[in-house]
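The structures considered in this document are given below.
What follows is a pair of complexes built around chain A, which joins chain B in one and chain C in the other.
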Partner chain A sequence: MTAPRAVLAASRAGRTLLAGWLVLPLVPLLLWAFADRWTFPAVLPQEWGTRGAEEALAAGAGGAFLTSTLLGTVVALLATPLGAVAGRALASRQVPGGTAVLAVLLSPLALPPFAVALGLDVLLLRLRIPAAAGVVVLLLVAALPYTVLTMRAAYAAHDRGFEDEARVLGATRWQTVRSVQLPLVAPALAGAAFLAFLVGWSDYIVTVLVGGGQLTTLPLLVASAASATGSDAQVAILSLTSILPPVALLLVVGSLGRRGRR
Partner chain B sequence: MARRRPANRRARWAAPAACALTLALAACSAPADEPAVAAERDWDDVLAEAEGQTVRLWMYGGDDKGNAYIDDVLAPAAEELGVALERVPIADTADAVNRVLSERQADVPDGEVDLIWLNGENFATGQQAGAWLCGWTSMLPNMEYVDPDDPLLTTDFGLDVNGCEAPWHKAQFALVYDEARVEDPPGSIAELLAWSEENPGRFTYPAPPDFTGSVFVRQVLYEVSGGVDDVPLEFSQEAYDELAPELFRRLEEIEPSLWREGQTYPQDLGALDQLYADGQVDFTMTYGPATLPDLVADGTFPATTRVLLVEDGTIGNASFLAIPATSGSQAGAMVVANLALSPEQQLAKARPEVWGQYTVLEQDLLPEEVQAGFEALPQSEILPPYEELSEGADPEVEAVWVTALDEGWRRQIAAG
Partner chain C sequence: MNGSELRLTGLTRVHGTGSAPALADFSLEVPAGACMAILGPSGSGKSTVLRLTAGLDEPTAGSVHLDGADLAGVLPERRGMAMVFQRPLLFPHLSVRDNVAFADRVRGVPRRTARRRAEEFLGLVQLDGFGDRPARALSGGQEQRVALARALAAEPRVLLLDEPFSALDARLREEMHELLADLRMRLDPTILLVTHDHAEAGALADGVAVLDRGRLLQAGPMRELYARPASLAVSRLLGGRTEVAGMVRSGVHRSPLGALALPRKVPDGPAVLVVRHEAVQVTTAADPAADAVGTVVRARRRGMRTLVTVEVPGDGGTAAVDAELEPGQEVPTGRTVGLRLPVEGRWVVPVDGVAVEPVAGAPRA
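Coming up: the complex of A and B.
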């Protein structure tokens, strides 16, 4: 029996509303990005152009884009395997005091990042840890709650019977991991890596305090541009530049997830 | 039983780690809070040491012209002296000061901050912690063009500069209005307050502690206290208790006739500028009037934007370059500060198309061709020359005053 037509229509309307709610805020951003002049009370920009893009490039958007990508990638590469290992251990309930361990792993979510960064900055400096490494370490800790939670959920739903069967059939430990376990949790891994990437990609406070100015990332440029008057076009371009890579990644992760469910 | 072993191993590993951590935390041996003083030496010596050093200049990054000036004019000139100048853009100068304080606390010998553009509270905060290198500005050859008795340059928000920072720009608080909308512009702060009452909804100011909103409140303080001479620049609780009530009474009085009946205030200068650009209010204000011609040229502000000249004068200040005591490239930083102070650089920086910042140099002390250069600077219809703008300039009060007034405003005006 198929769903009644009214339900289908309602579902479609709901999805359209949701998409509109997510996309509408981007419309003024897009308009601003190419508005050389847009003053009240005009509904649309009076002059179109690329001033915003030129200003953003002059402010160093290119280099900042690369730095942000690198930072996000490094955080994702470190936080995802750690999250997977911790998630699997926690899901298997073999960790003594598992709830306490989980609470500790999730605690970065509850602590204000400013206080953490300001407090740990002195410690990192005293231990003579290079600024960039300090940023990665702190962001790694901030990203762990997301990867651990995602992977714990994935491993909780994961049937270890498949792995046992592969072992019984003579697969080595590594073959089991590579050919059985990893493909099964791949969508969750991609999701966790995406979240961890976002932590590195969008951070401001740790990068500025602990990074000691060595890492000029996109959020730093957006913040300085946004604190000035008359730079709306530049802020719009920088913001779009910061939104597009995560959206592209999200589409990739989404399609991976769909393939995984099939 | 087998499961206990890993726990033991963990414990054995954890104990020394915890010790190391405690040591790192406890080994504060808090560095003395008195400022580090630079050794007096020959300038050629400084130049020689600076060669090959990299200087990281931390400065507010929201000013495109300022950024371009550093990247395209100052940095190449520094390169010729063998110093690599790198600009670190920040949204708030306090971020840089926090970084320096952390480095100072951790006793880092070669910190990431070599030079900061700052003044006022940020300077005072660092000075309190002994974070700045002192006694070095007298070594700069270009200090000869600076008037040694200029009160704007010898004190910074009431705090003696003491050779702990080198002057860079002068700034003047300016009230800005649209000539097309304000037919009979007020000529003093008192008249401006009266104007706001006669024209309900057409005036407001950014909520302190916004930098500019806070200056406006001090400007009103000078006005209601009967002039700047009646306000002791040094903070005392008695002076505050005597003068502040009248200030807040007057601000409360005009509140109902402000934009949105004063129920809300623009959160920062950017918000007020937006209201002004959109024609919702007729006035805005700025501590950096040099940016005005640019804002008019790109259409953000209307072409009929003008600076209001008030007869009682407005508050002026200077901003400076400071070298953290933790910098590992102090010689290089001194060379850059000296270069930034040179007549050529100050003149280039004063050009409206470059940055339009007012010079800190004394005209009479300058070589004649440089004086001629300053005189030949194009005049703007929007922006009066510095001499006119700074006539009867009021000094800034001590930074403690600023904090106290901002807090008082929050309690009595925002919450009241």
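Coming up: the complex of A and C.
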């Protein structure tokens, strides 16, 4: 019985590699974030400090953090229920031309976002839609493929017998949704919401082109700080600020999913 | 809990235009407190009957009456029924106790009361002390007991059982049969049971309706259907093995088995003689009371008893008769034996050519 041991070792090595792949880029970022002086030949920063953080705050990191959080949350709140409804309909195969509908919903993945945003910007301006609303609408469209795909897979694996059983036992349509259907697809809902949040949280192109400077989100701040001749410490702090919330959310969603499977 | 009287009239369900109906003109009466079985092969439309009764699907035509009230347009949750499927379908996010308390909870019974009642019903299915377990931590038999307790806790006017024990092994199935018989004595529910197993129908139900390809073939008390099937299809679905084609003339069936007087007057013409293997007695070839003499060509053990096939040569061919031996009786293949076919055990059905074959690719029973 040496095979399982070899498999275990390979699996452990694979996971270590993967973790390294994900964590290594963060190491210089962490070093830069707290380096007040780090010139070329030195392996480690010569002076440690919080100047980067102070500069980032002065540049408006706090407000941008709130704006990004709000944008991600609004996109998730809109895209998740829509994705759930569309995913359920597509999984039940009751939609005429379901494949075509799915293709349309997935098309934002294939189209270059720059072209779409530039084209729709003109349309939104003509329609006099406020910039912030325009950003939300475009990001919603960009987030839908992820939520629809996630929820379609969840509903395809979902046994409708549970709902039939609940109805016969006396639950109304709404009670069945609330106390049977939603708990059963909760892990998938959390995953879909997480993906939609990321679309809003990390967007740059749509916010720049359609937002017209009214929305200052973290990605915008990171980009402007990185392209200007600012301090690298400030860029590192801003980058970390935009990485940590998704990682924290991912841990929460992951633990939810594990509980759901048990 | 007292069951209600259920009456199904002319129930028809067509899934799509142009396709054969899943159920055609099905009528059945289930008296209050009775257990009726619907027996049929896969794809015969028997689960459709339950779904229409429960209101999960709309009938294309026909009606469901409960204690005389028409249930047309009444939502499933307002029909006062409960259903147990072949899959236990325990809600995986709830504990065993909260599964059983589900019906009470959705009707607004306070949590404490609902849980106390759930414990009572868990006791009824001999699962005291299992309430705190997660629904996923049960064995197949326990899951189905909980599903039964959950359905009973809804205090249904009609309990619908859709092959609830088919997925269980033989011993567990027997246990569930005993449990259900016990529950019937205590609670007196009206039960509509769907099964493909005639032995299960015989063990549990007062009466049976035989369904094939969406059509009702025959309904009546189990014993009557065993002894007097209306057609070859019914005979086969009830496990009948012996079919001997021949001609009836003035109450006597003539075939390779010889001339056999029938217990009842039947019209003259071609007819198939059916005899239950349980009724046939195997004796010696010299037995003067033997109705036919033949050779044992096959013997199969079935627990204590052995089932033998005896080929009887006669005018115009040979006839094969299956017989179940007495416990302990042994007859080797190749031996010539006599067969007694008691007059009361003989029955003829029309030669209709309607063979019962499982419908290929049918999604549900």
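Please note the rule applied: the second predicted complex is superposed on the first by the 255 of 262 C-alpha atoms of A that agree within 3 Å, B and C clash if a C-alpha of one lies under 4 Å from a C-alpha of the other, contacts with A are read in each partner's own complex, and residues count from 1 in each chain.
Methods note: a residue touches a chain if its C-beta (ideal position, glycine included) is under 8 Å from a C-beta of that chain, and two chains touch if they have at least 3 such contacts.
Nothing here was measured: the structure is a model prediction, and the numbers come from that model.
Per the definitions stated earlier, placing chain B and chain C onto a shared chain A by superposition produces no clash, and the two fit side by side. By the touch criterion stated above, A:Thr39 is placed in contact with chain B alone, chain C being left untouched. Of the two partners chain B and chain C, more residues of chain A are touched by B.
In the superposition on chain A, A:Val168 makes contact with chain C only, not with chain B.
Once the two complexes are laid over each other on the shared chain, residue contacts for A:Leu102 go to neither chain B nor chain C.
In the superposed model, A:Val185 lies in contact with neither chain B nor chain C. In the superposed model, the angle subtended at the C-alpha centre of chain A by the C-alpha centres of chain B and chain C comes to 160 degrees, rounded to the nearest 10. Looking at the shared chain after the overlay, A:Ala225 reaches chain B, while chain C stays out of its contact range.
In the overlay built on the shared chain, the residue A:Gly213 is in contact with chain B alone; chain C does not reach it.
Nearest C-alpha atoms belonging to chain B and chain C sit 10 Å apart in the superposition, given in whole angstrom. In the superposition on chain A, no chain A position is in contact with chain B in one complex as well as with chain C in the other. Note for the complex: chain C touches chain A at residues 51, 54-56, 75-77, 79, 81-83, 85, 87, 89, 91-93, 102-103, 105-107, 134, 136, 150-151, 154, 160.
Against chain C, the residues of chain A that register as touching in their complex are 159, 161-162, 164-172, 175, 179-180, 183-184, 186, 260, 262. Residue ranges on chain A touching chain B, taken from their complex, read 36-37, 39-41, 46-47, 51, 55, 58-60, 96, 118, 121-123, 125-127, 131, 208-209, 212-214, 216, 220-221, 223-231, 234. Interface residues of chain B facing chain A in the complex, by the touch rule stated above, are 3, 7, 21, 24-25, 27, 56, 58, 60-64, 67-68, 88-92, 95-96, 98-99, 102-103, 105-108, 111-113, 269-270, 273-274, 277-280, 291, 294-295, 298-300.
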